[in-house]
Every structure is written in structure tokens, then in C-alpha cells.
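Look for subunit A in each of the two complexes below; its partner is subunit B in the first and subunit C in the second.
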Partner chain A sequence: MKKFATLLCAMLALGSFVFANGQSESAASSETTLRVGMVTDAGTIDDKSFNQGTWEGIVRAGEDFGFTPKYIKPSGTTEADYLAGVSDLADSGYNMIITPGFKFETTIYKAQDQYPDVKFVLLDGVPHPGDYNVVIRDNTVAVSWAEQESGFVAAVAAALKMPNSKFGFVGGMEIPAVQKFNWGWQQGIKYANENLGTNVSIAQEDCLYSGSFSDVALGQQMAATMFDRGVDVIFAAAGGVGVGVINEGKSQRTSGKDKWVVGVDIDQYADGLMPNGESCILTSAMKYLDRASYDMINDELNDAFPGGTSIVLTAKENGVGIPTENPNLSAEIQAKCDDVYKMMQSGEIVVAAEQLPGLWK
Partner chain B sequence: MWETITQIAPYAVAYTIPLLMGALSGLVSERSGVINLCVEGYMLVGYFISALTISILQPIMGNSALLIGLIVAMIGGAIFSLLHGFASISLKADQVISGTAVNLIATALTVYIARNVTGSGNISIMLGIVRSDVPVLHSIPILGKLLFTNTYWSTWLCIAIWAFFWWLLYKTSFGLRLRGCGEHPSAVASAGINVHKMRYIAVMLSGALGALAGGVMIVTYSGEFNGSVAGLGFLAVAAMIFGQWKPLGILGATFFFGIATTIGNVSQLFASLSSFPPVIFKVFPYAITLVALVLFSKSSAAPKADGEPF
Partner chain C sequence: MSAKKNKELKSNNFIIAISAVVLGLIAGAILILIIGENPFASFRYLVRGALMSVRRTGTTLAITTTLMLVGLSIAFAFKTGLFNIGASGQILAGGLAATTVAFAVDIPHVPLIFLILLTGFIAGAIWGLIPGLLKAFFNVHEVVSTIMMNWIAYWVVFYFVPAFLKGPSLETESAGLPFEKTLRVSWLTELFDGSNYINVGLIVAIIAVIVIKFIMDKTTLGFELKAVGYNRYGAEYAGIRVNRSVVLSMMIAGGLAGLAGVAYYCGYSGKIQIGILPTQGFDGIAVALLGASSPVGVVFSSFFFGILQAGKGFMSGNTLVPPEIADTIIAVIIYFTATSVMFKNFWDKRFKKINEKRNIVQKDSNSIEEDN
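What follows is the complex of A and B.
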């Protein structure tokens, strides 16, 4: 009995020692004052796209790890404006700066040398001086996504919903991030036709890049023309041009036609809402931006910041995919999509990130 | 080819209408002798007010919110244009500078309010006008397909407004006086007419029309206020000059701009057009405008007292 009491005391003492130690350590780490800032890309912080997704991840990390993040909206969208935003944050003591969008590539290329003590996270791009000679310093991480996998599973979902139909694609500028969506989309259609018994076609002239990320009228006109000549589902990976496509999708559905739009980057379901409470967004090909910014902050706090590398987030890391809730998809379709997603995670399905023979550009 | 044209036509017409209203806004003001470079600003104000009004009213009252949004935008535009009117009529300021200032204010003010109202710079409406065929007329051969299929009701409203202004300017004594103020204000004044009052009326009509142009963009193809009308206001001013300050002229000029821009936008979609780079179609109207301005510079029909304070 005495022995047991001694043991108990010893264990309690040890325990309190361990826990006290742990507590003091975590107090110390919050005193190391990680200060996280973000510079926004073109558009606002609640743009329902890149900025918002990135910011949500940072805010969530701030709540979990106890810091107050800050964002700066640059006065313009040139490299000088972005660099001014980065400098503002760095000079006022922010030691981790997260920037969303490929437009920051040249900015971060300069900033990583200018502020060697600041950690940079560049989402959806790689730092280079403008000629794609990529230089990633030890204080920088470049994160990109396997867009093709996201487009693939969205295509499978859309094909199952509309098994006998024509699909289209409206992209923004012809840059890799958009092209990969397109190629994944087409591979997904092919996969569904071959393995899931659908009969979906996509014609070359319905697979287009608008050349803009902001021209709403352009998106509306392209979408209207495509819908008019029989395309049933359009995948819009085009920023503001996509707003025009969604707008046209609403108009088509309201006039009683069975047309759909597939959203991009984040869950765009709410953007497609119509007065009758339904949405013209069938599903969305997502990149989980919030998870990326959250994870990077988490890594930094655990001294595991993967500086100097470029990371590609795929289905394996749950970095891409369609929303977990798709009110316009039946449970059966959702289940099939989950199967396809699991096959992508296990490597059973490999989606190519380039233009395979037989795919449109 | 014919099929291509009939497919493009409704969208070209839809794109033309805001331009037509913008050009008409410029025309009414300039024919009264007040230079109007702030069509862009008026459009932006209308764009903003209509988006805000409709986004608030639509959940309550459904589709009639669209018409109310347009009317509120016109009233707002008319009030906003008093800024330009006061500076250029009462204070006799340089009208080009006043117009530029109004453009700057419009950009800053709308974005500022929008950010405070919605938290972001964007205000989106749930649903714009749903296109429909015009009863009976759409079955007319050829023309029916081109003009009366797949149209917005706002298009017909704007064309009626255009026709009304043609009538107002050329068939009424009010119109004669208004045009007189732009050609020879002292002659009008000597006939006992208050030139300042006439010009104020013209500027306010111009503000209302410019705002209508912005509102039409919201309810037809745009659906979202995003802080910019993408230079359409200046394009409208160019169309007004190209159209030689005449209602029929601006109808032709804006339609020309509209169809060329639309072809540029959708050319990739058609095998028959996709062999040309789309940039050619997009540059085309601007290049033609430059050429036309050079050709017409000798015989320019600008109102003689345009820009002269009275």
C-alpha cells in the first residue's frame, strides 16, 4: 500500500512536471510572435475565390494558434503595387506573408531576396523574374494544385448527372492553372464515357479560352452562344468571365432549359442561386486554398516550414476535389464520385496534367 | 454563315443598348452646349444604384424590382449629374475638367459605398431579365430572327426612349431651344429663354440616360456591380462623335460597335470566324473610329457653342 502511494505520488509529480513543461513551452511559442499577413490579389477579400479562400485558412489558423492576422489590399494589380503591399507588411514586423495567385510570381521572386527573414507562401505560382527561370529561396514555399484532378472529378459528376449531353469549357487566360482544369475536365468526360456508361461529347469549338479574367459581358456572350447551339453543361474556369457564364446559366434555367454551369476554385453554389432557391451550379472543381494556408502556418509553428520547395497538392492530400455537399447531385452520383476520388487517391486513376493526344487545347 | 449571324444578333443588340443610351446621354448634354465626358461616371453611378436597389428589393418583390432599379438609377443619375451641371453652368468651370472630376468621384464614391454596404466591392443581383421572343413579330422572315428573337424587354424600352428623344429634339419647340443653346446661346437668350435652365435640364436628362445605360448592363448581361463599366462610357462618347451628334448617327455607330465587339467576343466559337485572331475584331471598331474622325474632322457637326459657358 505504501509502495503504491509512493508510485502514485511519483507519477503525479512526473505528470505535473511534464504538463507544466508543455504549457510553458506553448506559452513560449506564442511569444515567438508569429505574425501572419496576406496581400490580396485583384479583387476583394470576400471575392468568393482566391482571396477569400486563402484568408479563411489564415483566420482559422489565427483562432487555433492565437494570433491576429492582417491583410493588405494593394492599390493596383501591378508588380510595384504588390511589392509595396509586401513591404508594408514586412516592414511592420510581419514575418510570414501569404500571397494568392500567379500574379505574385515576380513580386515574390524579388521579395524573397529583399526580406530573407520573412517566410513567404506563394499560392498557385512559382517565383521567377518573369522568364520562368524559377528560383525558390529557403524562406519561400510555392504551392500549386493538381487542377486536372479537380476538373476530372467534376466532369465525372456532371457526366453522371447529364449522361446524354454536350459539354463545353470556358477558360480565362491560357495559362497552366486553367489549362490543367480543361484537360482534367476532358479526361473526366472520357473516363465517364468509357467506364460509367455515359454518352457525353465535347466539341473543339466549345472548348475555349476567353483571354480575360474580368470581362463579364464576354463570358455571358460566349456562354449564351454555346448554350444556344446545344451545349448543356459549361465548366467556367475564368474568374470574372465565369460570373458572366453563371449569370447566363441562371437566365437559361429560369426560362426552363436544363442547362448547368460547373464552378471553379471554391464552392460556387451560392453564386448560382436564383429567386426560386435553386442554383445553376451543378458542382464546383475546387482547390482547397484555406487548407493550404492553414497547413503552411501550422508547419511554420512546428518548425517544419518546407522552405525552398514547391509543393503540389493533389487528391492524395485532399487538396482538390468537389464540394462535400452538392445539392444538385443525387446521393448515388455523389457516392460514385467519391469512389472515383478514392481511386485517384490510391493512384488507380491517374489524370495527366498535359494535353494528351485526343484532347482539345 | 446565316446561322452564325442569327445566333450572334441578339447578343450584339443586347451589347449595343447600354452604348446607345450612353451615347444619347452625351448627345443630349452636348447639343445643349455642355461637353459631356462623364458618361462613364454617370454609367457607373447607374450601375451601382441599380445593383444596390435590385439586390435589396428583389427578394421582396421579385421581378418588378428590375424596373424599379432602373427608375431609381435614372433618378440618382439625374441628381448626381447636378455636380457637373453646377460646375460647368453656374460656376462656368472648364467642362472637360469638370467631366473628368465627375468620373473620378463616381469611381471612388461607388466603390467606397459598395465596400461599406456589402463588405466587398461587389454587389450582385440574383437574376436579371430573362430573354424572350417578341410575340408575333418574331415569326417575320429574316427580320424576326435577327431582331425579335431572344430579346430583353429593356432593349425595347431603350429604343423607345431613343425614339422619344429624337422626337423631343427635332419635333418640339423645347428641342429647338435646347439645340439652340448648343449652337448660339445668346440668340436663345435674346428670345427670352433661360439658357441656364435649359442647360440644367439637358444635363439632368443626360445624367438619367447615362445611369440608365449602367442599369441596363446590370439587368442584362452583367448581373454584378464590380466597380467598373470597363470604359464603355468613353466608347459611348466616341460613338457619339462618330455618329456626328445625331440620334440616327449614334444608333448606327453604337450598333456598329456592338456588333464588332460581339463578333470579337464569340468569333472563337464559330469555325467560319475562328481562323481570324479575335483581337482583329476587337480592334476593328476603334481603328474605324480613328479613320472616321480623320475623314470627318473637316465637316464635324459638333454643336458650335459646345463647351462654352454662358
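What follows is the complex of A and C.
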């Protein structure tokens, strides 16, 4: 009897397959309804970084505008895998696809031609075939951030907290998005020294790129060496390597040393939590990924999708900044940072996006 | 009494494989039910995602290609009494060597394809040769040595690619191979409606299956290799050179995995990434198990896993089934194939009972006939 039941199930399953192939694909009514999908970068949807930030914005938009978003996790991290993820969404009738991370640059370059009816939002990159000859079609928007402004205000906050100390920087790969964080960080230190009476130094050997976004152990090693050299605050703009830096920050603080880490991309306060309930994260140089994905969906719904353009989100658009609250910063410091932020918004302070003379690479 | 009915029922590899797949799908269906989706509709999307258009079928076949070659490599090793868990490393070795040659050599497309296939096969074979030699002369177990070879390949790629093959934009992968240096050919791409992935690796894989089947079934070499697999000491007593057979088996298995590396890195993805041990090396074990380690079985099981891999994204795109559940379903099916011995025992018992019943019935009818 059991065997019979098994056989029956098998036949039913097989039957549904056979009939499935006979059915014609039901055309999704794309004129009226917006269906938003996202393809994740390396890592999971709850990676406390790019994927999560982007997804949170899409979910928020879904709640506000009444749609159910969907994310696809590609089976690998090559362009082929990403493109397969994009095809899965596009073939399923999704007409707006959001992809976080510069690794999608070449994927979107191909996808925008292959699916001209689908709107693409590429966060933190510009579509190109692999040689930086940028091509943005009318169905694509490339969003990037003024990382230097974010690093700048984070540096001011850190300098006010630790006025007489040494700072360091650990980057991931030496790509523009990371370099801009670094240069903003150094300009922020300089500004605080000149205008806010701090005395912070940063040495060339303490500005390092790890060459990786995933090697946690390497990050911990680099941070340990740097802290041992007498550096007090490390700004980690390095993804998974940054997790290693944060781990080292935790162990330094747990052993009673006054060392801090500055987080990146999203508010990493929770990542730096130690058993005693405090966090080694002084502040975080944020890019508001959730706002970008939310705004793009909003624009699309209002028929104002800025297709064919590349958008840079700055302090003016509230696209970058530091968290408004962090228990490690006093209200006084927070207020001073707000002032600096406002000056950036009004254009009184201009943070350079390139390596000015006097800045380490 | 028809002759067909008199034939004794026995469990065979096909029934075992189908049982594993069906049970895996049922387990997946239960998971989908818990989420609150219709399992039949979900599976329908799964298959449609893999086969609904010519282009998507091309993608499925391209995924199948790699799995078929890896599965063949592992199945071949199984048959000759070796457990090649180092297919991942051999894929990397083959892929790296082939990619390097593809970049370095400037010759027309067709000869280049033959050249990079040969390079990949040789590099994979070398990666299999070392564990083979260690096994033959120092009795180092191939599971240990091939896993270590995996990591050697992993770190070689990690340092070699950024140093010599780096692309202009990404640090973590090589530059992309231009179309005329890959295994992709325009007539196949057009045949599959502009599929980005389909490549001549598929043809290579099918030829490899035929060649391996021929070697195993029709040649003295294949007989010797299998004899060593069944009983090393028996084979030695019979005058077969066991050490030579072990080394040769590992080399052929490595070479096949190396070809898979060529198909994957020079065909499917068109570039090689650092810091990633290709999971196909382990998926290949499931392919080989489900295919009962026979070359023809591998063709079907790799196509089945290809459908699962290619269709899962489309399934989660159309249902509430999250991608992670799709992976879980695949894992459950792999789990059931890995425990195929269980099904063998189950069917053996069932069939024994049925056969016994039949024998009784037959005796009765015979006795009735005699009475008449």
C-alpha cells in the first residue's frame, strides 16, 4: 500500500511536469503593475551590509506602495551567475531589478541590452563591459555615493571623541569607492585639527588596503598590528575584512585598552557589541542604500525614473552620513558633527573625491 | 504464462535512482507546503525555469555540461575503487591552465578550442597524477591527498590570477576571455537563441561519456582498472599491475575533471575567479551516486541536477519559495541519493516478497495443469 502511495505521488509529480511544458507562459501584465526584484551580491540577504541595506529599502517601498518584492540569490559570484539571476527575475515578469555592488557593473552592461523593457538600478557602480567604457541605457540608472563626505564626517566625530590620538585606515580592494572613504577620512582629520582644536595624526604605514573584501582573519591581523603600533581608532572600509578589524577592536577593548573602530556602509554598532553590552564601534561612515532603492522605486511609480543617468548621492540629498545616535558619542560631539554635516550640505565645506597633495594613497 | 511475468523482479539502479529523486521531491514538497505554497505549481516553475525557452534550455545544458564531466570523473574513479573528492582542485587546475593558454596563444578559434581542451585535460591529469602516485607507492589514501590538492589549486589560483591574468576592473577575477577565445561558438549560441552560456563543452562531455563507456566495457584496460577496483589483491594475484592501474585511473579521473574546468571557466563563465573552490566538484559526487557510477547514468543525473540548478531561481521568482529553500530541496535530493543503499535494500525486500508470491502462484497453476 505504501508503495502504491509513493508511486501515485511520483506519477502526479511527473504528470504536473509534463503538463507544465504544454502550458504557454502567461504574460505578465507589465503595463500597470510594478514588480521589483533584487539580485544579491556575494553573501546573504542579512549580511548587515550592502544586500541588507538595499533590501530594507525595497521592502519599505513595498509596504508603502503595496507590492511584494522578491530577491534572488545567484548560485555563484561570477558575471554568468549574476546574469542568470537577472534572467530569472526578468523572465518571471519582474520589470524593475535592483542590484547592489560594483560587481554587477558588467552584468548590468549586458542585461540592459538583453532586457530593454526592464528597469535596472545599479547601486555603487556604473555599467561597463569590463574596461570602464561606461554605457548607460535609458532603462538603467547607476547610483553611486560621495563616500568622501561620509568618511569626512566620521573622521570629525572620531577626532572629537579622541582628540589626542593616532588614526588608521583599513580598506578592502583599492577601488574608487574605498579610496574615496580613505581620502575623506584624512581630510576630516585635517579639518578637525585645524578648526576644532584636536591633535590627531595619521601615518602613511597606517593607511592600508587589504586587497580583499572577505578575508576576516587578514582584517584581524592587520588591525592587531596597527593597534600594537599605537593607533587608537581604525576606520575599516573593507566588508568582511572589516569584520576582522571589528573583532580585533572588541578583543582590545575587552582587555581594557581604549581602542575604537569606525564602521562602514551601514550602522555597524550592533556588530561591535561585546559581552558587557557596549560596542567598539565609535561611529559608522554610512551610505544610505535603503534610501536609494526606495527613492528609485518611488521615482518609477511617479513616471520620473531617471533612466540613462548616473546619480551621485551626497550630503545634500541625505545620501551619506553618520548615524544620528551612538552611545559612544556624547550629545555635544553629535551636535558638532551635525554642524559640520550642515556645512557640507550648504557647500561651505567641500570634500575632495581625489587624492589631494598631502593625503596618503 | 508469459515469459515476461515469469522473469524475477530485481532492484536495479534505475529504480533506486528514481526512488531517491521521488523521495527528495516529496521532502521538498513538504517544505514548500510548510511555507504555504503549492508544491506542484512550484515544481512546475522549477522545470519551466529550466526548459521553458530555447535560451533557458541552453543555460540548463551549459550547467549540465560541467556536472556531467565532473560526475563522469567521479563515477570513473568509483568504478576503479577510488574516491576522487579532489575534483574541485582538478577543475581549478584545468580551468587555470586552459585560461592561461587561451590568453597567451593567438591562433584561430577552432584549433584554439582543441588546444585549450588538451591543456585542461593534461593539467587536471597532473592534479590527479600526484594523489595517484602517492596512493600507489606510499599507500596515502586518495581522499586525504586529493583534498589537499584542492587547497593547493585554490591558493595557486589565488596568487596566479591577480599576478598574471588580472582584468581591468576586478581584483578577484581574471579578465574576461573574448568570445573567440572561449568554448562558445556562434552556431551553438544562435541555435539556442543567443544563450550566453551554451558551449562546445557539451559535445566534449558527450564524447567523453562514450569514450569512457567504451574503455570500461570493451577494452582490456577497462577490465584491468575495474578488476583493481573490485579487489586490489585479487587483481594483483591475477597479474594485473595494480600500481599502474591506480595511477592511470587517477590521471583519467583528473583529466575529466580538468575538462569540466575548461567547460566551466572557458565556456560557462568566461573568466576564472579567485578565492572560490568550485562546488561542482562536490555536486559531482551526487551526480555520480545518482547515476550509479555508470557513464550513461551520469548523463541523466547531471541533466536532472542541471534542471534543478537552472530552474531554482525562476521558481523562487514566481513563488514565495525563497532561494534558500530551493537549495535545501536540492540538498535533500542529494541526501537521498547518497543513501541509495537504503532503497536497494527496500526494493530487494519488496521484490523478494513479490517473487515468492509469484512462485507459489506459479506452482499452484503448474499443479493444476498437471492435474488436468
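In the analysis below, the second predicted complex is superposed on the first by the 330 of 361 C-alpha atoms of A that agree within 3 Å, B and C clash if a C-alpha of one lies under 4 Å from a C-alpha of the other, contacts with A are read in each partner's own complex, and residues count from 1 in each chain.
By our rule, a residue touches a chain if its C-beta (ideal position, glycine included) is under 8 Å from a C-beta of that chain, and two chains touch if they have at least 3 such contacts.
Being a predicted model, the structure only gives us computed values, none of them experimental.
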item	value
Which of subunit B and subunit C A:247 touches, first, second, both or neither	first
Partner chain in contact with A:239 - subunit B first, subunit C second, else both or neither	neither
Partner chain in contact with A:216 - subunit B first, subunit C second, else both or neither	first
First (subunit B), second (subunit C), both or neither touched by A:184	neither
Touching partner for A:173 - first (subunit B), second (subunit C), both, neither	second
Partner chain(s) touched by A:263 [first = subunit B, second = subunit C, both, neither]	neither
First (subunit B), second (subunit C), both or neither touched by A:321	neither
Of subunit B and subunit C, the chain that contacts the larger number of subunit A residues	C
Those residues of subunit A which subunit B touches in one complex and subunit C touches in the other	211, 214
Subunit C-touching residues of subunit A, taken from the complex the two chains share	3, 6, 9-10, 12-13, 16-17, 19-21, 25, 37, 70-81, 83-85, 87-89, 91-92, 94, 103, 105-106, 110, 128, 130-132, 173-175, 211-214
Subunit A partner contacts - residues on subunit B that touch it in the complex	7-8, 10-11, 15, 58-59, 62, 115, 119-122, 124, 126-128, 130-132, 150, 217, 221-224, 226, 230, 262, 265-266, 268-271, 274, 278
Subunit B-facing residues of subunit A, complex	43-47, 205-206, 208, 211, 214-218, 220-222, 224-226, 228-229, 240, 243-244, 247, 250-251, 254-255, 271, 273-275
Footprint of subunit A on subunit C - complex, ascending	18-19, 22-23, 25-26, 29, 40, 43-44, 47-49, 51-53, 56, 59, 162, 167-173, 175-176, 196-197, 268-271, 273, 275-276, 279, 309-310, 312-314, 316-318, 323-324, 350
